[in-house]
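Below you'll find a set of structures to go through.
There are two complexes below, and they share subunit A, which is joined by subunit B in the first and by subunit C in the second.
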Partner chain A sequence: MSTNLLFTSDLKQFLLNTVIFLSLSFFPLFNQATELRGTGDLGVVVERATGSILIVDTTTRTRLSKVEGFGDLSHASVVFSRDQRYAYVFGRDGGLTKVDILLGTIVNRVIQAGNSIGGAISQDGQLIAVSNYTPGGVKLFAADSLELLADLPTNSKVVGLVDAPGQRLVFSLFDTGEIWVADVHNPRQPEIKKFTNVGKQPYDALIFPNGRYYLAGLFGEKGFALLNLWQLEAGVKRILPDYGKGEETLPVYKMPHLEGCGITDDHLLVPAVGQHTVLVIDRHTWQQVKSIPVHGQPVFVMARPDGRQVWVNFALPDNDTVQVIDTTDFSIIKTLTPGKAVLHLEFTPRGEAVWVSVRDEDRLVVYNTETFESIATLPADKPSGIFFTARAHKIGQ
Partner chain B sequence: MNMKWLLAIIFYIFPSMIFANELSSDRQKTLLYLLRQDCGSCHGMTLKGGLGPALLPETLANKPTEFLVQTILDGRPNTAMPPWRGLLTQAEAVWLVAELVKGIPHEH
Partner chain C sequence: MSTNLLFTSDLKQFLLNTVIFLSLSFFPLFNQATELRGTGDLGVVVERATGSILIVDTTTRTRLSKVEGFGDLSHASVVFSRDQRYAYVFGRDGGLTKVDILLGTIVNRVIQAGNSIGGAISQDGQLIAVSNYTPGGVKLFAADSLELLADLPTNSKVVGLVDAPGQRLVFSLFDTGEIWVADVHNPRQPEIKKFTNVGKQPYDALIFPNGRYYLAGLFGEKGFALLNLWQLEAGVKRILPDYGKGEETLPVYKMPHLEGCGITDDHLLVPAVGQHTVLVIDRHTWQQVKSIPVHGQPVFVMARPDGRQVWVNFALPDNDTVQVIDTTDFSIIKTLTPGKAVLHLEFTPRGEAVWVSVRDEDRLVVYNTETFESIATLPADKPSGIFFTARAHKIGQ
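== the complex of A and B ==
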């Protein structure tokens, strides 16, 4: 009797142990999808034709998921919450969509205007600002709920919207040639300082990585409008008012971008409008020190995070090419042809690789920035903008 | 009907019917692709507008074809609309305007 009891309890124990052992050893297999992970090496790729985004992993260079339902993304941009879990996607059709990039799901979506161009997240991460074309203006939303907090009509298309230290937003007005600095400490009642006559048709702008200078590029005339955000009372200064003098200005089939521009220790590399040129500006004197002849009209002129290289893509009809400039001597050290319609580039956080979107070939190509070899290719449906979560912690991105 | 319209019909709409047939279906596909993707970067991929105005049947309805064709080929000075002559022929611009006025069906 007692042996029998002993035996059964032993058997029970054995079976129990087996079950525990099996379930533990299989657990990771069954449970892979919900494994804990961080988001610091993730990114979002905009698929412009299908109104969808891809969530990608920049370490394994793989696609994690595809999220659909964003409307018209023909001109889209993305910012990240500072916990790097949520992406805010700004679409052409005025859609503002909050995405959980861990779960690959849309958390919230509002159509906030007829037509928009871009957005920003405030210094404290609490506000989302959207810049709109029609009706022209900037709207402020609570980052958590997307509740509308303020509406700043401008009577103009708004471009070059960035966040700046001091809980400020800075943006430019294309039609009226102005730069506005909005203090949003009280988001329901922003305080605005306006700078008028900054130049004709500012088309985009950038802010320096430390948030000190805001530079707007002009389309309606040559040059740039520069604002020192540490010294607003000094006003807007015009620089490079006659770059490329004597050179023919070619038709501009695609507006250049200034966001993410090539900033090195001493210089700033920016696209010339309507010329096959990258301009080199001295960061201290604000004079042009060089113009680098390149393959076509530059669109994005992006510095690798260490500033040693600047990668450039081009407008139609030269948009199959990417060139790399060495910023120590401004020579072109590499010309690559990733394929038809290269729309955007994004560096991994410390710059060992760069991801390139090749719209007409429906793929992303990843290059090693030391060897220039292509190290991965991923399928994507008409990819355009690529945005990595490292942007969450950068001023102006 | 005034003279301008008559001329517009003779020179643009009528030839457009002929020229339209001359564009190969491959070229037509390429043009529609260009329209959505590259014109779309300013006019919106669904042509509802962006930096450039909407290019929808209702917004183009009262504008003479000739004027729109010329806008495409020569651009508009002091605006962001670039001249496409060099990348597009006259016949192709005429065909594009005819398509725009008709309305471009959605891809998706």
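== the complex of A and C ==
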């Protein structure tokens, strides 16, 4: 009896242990299994004050998780792995952080410089590049391990870093007025072609959606520096050297951005520096064909994916407002006031909606781009940049 | 004793049952958990003879799974849900099948007509539209449940069905020479605008990447029908009515496709019907500016995402060949022979590689688009269409 009782008791204990063991073993799988989902409708929102990010779903318009521990995100940007599972977050403090957006966890983090401004992912998805202010330069990392592969010192703050077709990276040197094109087929020994005297103080740049043209905005003088990446031997061309001539240039409270600028079939819409103006450039002649008076100093001038609308936000003291320009006649068709300190906006991939970050009201507002109705509001802690995973598939993003 | 033995025996059985139950319960989770991954680098390859599909990974260039049970896929196409988890496969036999590409399983399947040719997903991702030959028309389904929402009979075979911005669908009627624009904001009661006398026998159509222009190719006569979706009141315009005038028109062994055609900054490259020619159209004047002699009758004329190259495959008897055109001077820079019966090709989202299906050699070949080297070969059973998930984010795909 007692033997059997013992045996029975042992069996009970064994059974209990088995159940506990199996439960514990499977627990992580349960978690993962609940996260089994596509990644095409995900996004990352930077919460600048708390050094955290939100992972959001653009289908249900909900927050999925909050991830902390990114350091100083007061000026941050994000790129995505080609499988859209990982986000690489570039922080102001030189932090490069790889996040698993399915699990909502930090996979790896390195502090790679003292003061960083942005980054890019190479065409093949294998390399992460970071542009730094202090010390000035670009560093290349392996996308999987974040191992440092190359360090390219520049003796200048680096701005406007983008990837380009042909496994290249292009960036501008603020202090020395240069544009560099780096061929990173061999990431440990990039081949660099330098263009000097491109203009005073390039402050940001953009690459066209097809990767053909690289355009840097100048802060130290009027105009833009244009490089045709299909024809490097033609060198850098200066365009719009006289825009806004005779107009008063106002103090610049926030540097405009060129990333995501308004490119349509025939035109390019860009923010004028220090003016309440959006400039319209003919894409074929590179001449200014119009200037559109707007509500304030434009910061982001971004085309809806179909190019029919361009949305603009503004610097202080007008940063509660967003204006929408119809690109067929360049009229302002809508003025919205999402709230205090509109810092960024991002369109859903097919353009039916746009997400707007309203920093000082701690929320994100989602608008229907056809009706201009607000269709969702989500809480967020001092939100700034919004980045959707569709960027993984786009040249220069 | 016997009671205890029985009890012990019961316990053993219970234990065994528990383990079996837990194993079985968790088995699907095991499968799912191993599939936890991003969906940005996935694709679907149609295996036409066996009614099956392959799910492939464009990062590792491998096959992930094979899914069977799709019926007749002799002319099939695929669209993706906006989260990139589900593929909707349109089969020749009227089958509409929803596939979970993470699990590699069929979620739902309806036979919705007798003879189907293609489909589309609406801008908001909520609707699946199918274009049918028999009976001619378009049907609308809920993307989640595949519930039928609307049936639009046309008295004609329907071709060239695409989605357009503004929650619209556009398609052409082969037999009656019409283009219809359906506003599907209310999917149970679409509002249709019809354009008649657009030309004889539109056989396929394309929408520009930004959704502005819809271009239908004509089979019953020369030329194309062009509709500006930003300006419907201007009606359909005919372009290139005289292309190839005086040249011999050959028997057409395979209808050319317009989907994915070669759109660059300034030009549109399209296959000529019944000629060994690719036509170059100026995007601004809509005039033919050049005709490029090529290896055979072109079928697909597809631009690499950056527009620098256009790749062309051919109808019988030249369907073992692919040619690459440089869009800066329209020269043929490469002629490749991937093998017998090249049916389709698809570029990776940033264009560094292209996947080619070689039906009669039962394989897929992946080329580096910069070096033209073959960088991978995968077995596939009579492969035809190749579709990557990045299409989820593109207008008209």
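One rule holds in what follows: the second predicted complex is superposed on the first by the 363 of 397 C-alpha atoms of A that agree within 3 Å, B and C clash if a C-alpha of one lies under 4 Å from a C-alpha of the other, contacts with A are read in each partner's own complex, and residues count from 1 in each chain.
Note that contacts are C-beta pairs under 8 Å (C-beta built on N, C-alpha and C of every residue); 3 or more make two chains touch, one makes a residue touch a chain.
Predicted model, so just to flag it, every value in this text is computed and none were measured.
**Q** For A:220, decide between first (touching subunit B), second (touching subunit C), both and neither.
**A** Once the two structures are laid over each other on A, A:220 reaches subunit B alone.
**Q** If you stack the two complexes on chain A, which partner ends up touching A:175: first (subunit B), second (subunit C), both, or neither?
**A** neither
**Q** Looking at A:72, would you say it contacts subunit B, subunit C, both, or neither? Reply first, second, both or neither.
**A** first
**Q** For A:359, select first, second, both or neither according to whether it touches subunit B, subunit C, the two together, or no partner.
**A** Touch status of A:359: first partner only.
**Q** More residues of subunit A are touched by which chain, subunit B or subunit C?
**A** C
**Q** Looking at A:183 after the superposition, I want to know if it touches subunit B, subunit C, both of them or none. Which is it: first, second, both, neither?
**A** So A:183 meets neither subunit B nor subunit C here.
**Q** Quick check for you: in the superposed arrangement, does A:50 touch first (subunit B), second (subunit C), both or neither?
**A** In the superposed model, A:50 contacts subunit B only, not subunit C.
**Q** Check whether A:144 is in contact with subunit B, with subunit C, with both or with neither, and answer first, second, both or neither.
**A** Neither partner.
**Q** Can you list the residues of subunit A that touch subunit B in one structure and subunit C in the other?
**A** In the superposed arrangement, which is not itself an observed complex, subunit A uses no residue for both subunit B and subunit C.
**Q** Can you check the complex and tell me which residues of subunit C touch subunit A?
**A** Subunit C residues touching subunit A: 1, 4-5, 7-8, 11-12, 14-15, 18-19, 22, 26, 29-30, 32-33, 35-41, 58-59, 80-86, 102, 123-125, 165-167, 210-212, 230, 264-266, 283-284, 305-308, 328, 349-352, 370, 389-390, 392-395.
**Q** Which positions of subunit A touch subunit B when the two form their complex?
**A** So the residues of subunit A touching subunit B come out as 48-51, 72-75, 92-93, 114-115, 117, 133-134, 157, 174, 201, 203, 219-220, 251-255, 316-317, 341, 359-360, 382.
**Q** Looking at the complex, which residues from subunit B come into contact with subunit A?
**A** 36-38, 40-42, 44-46, 48-51, 75, 78, 80, 82-84, 86-87, 107-108
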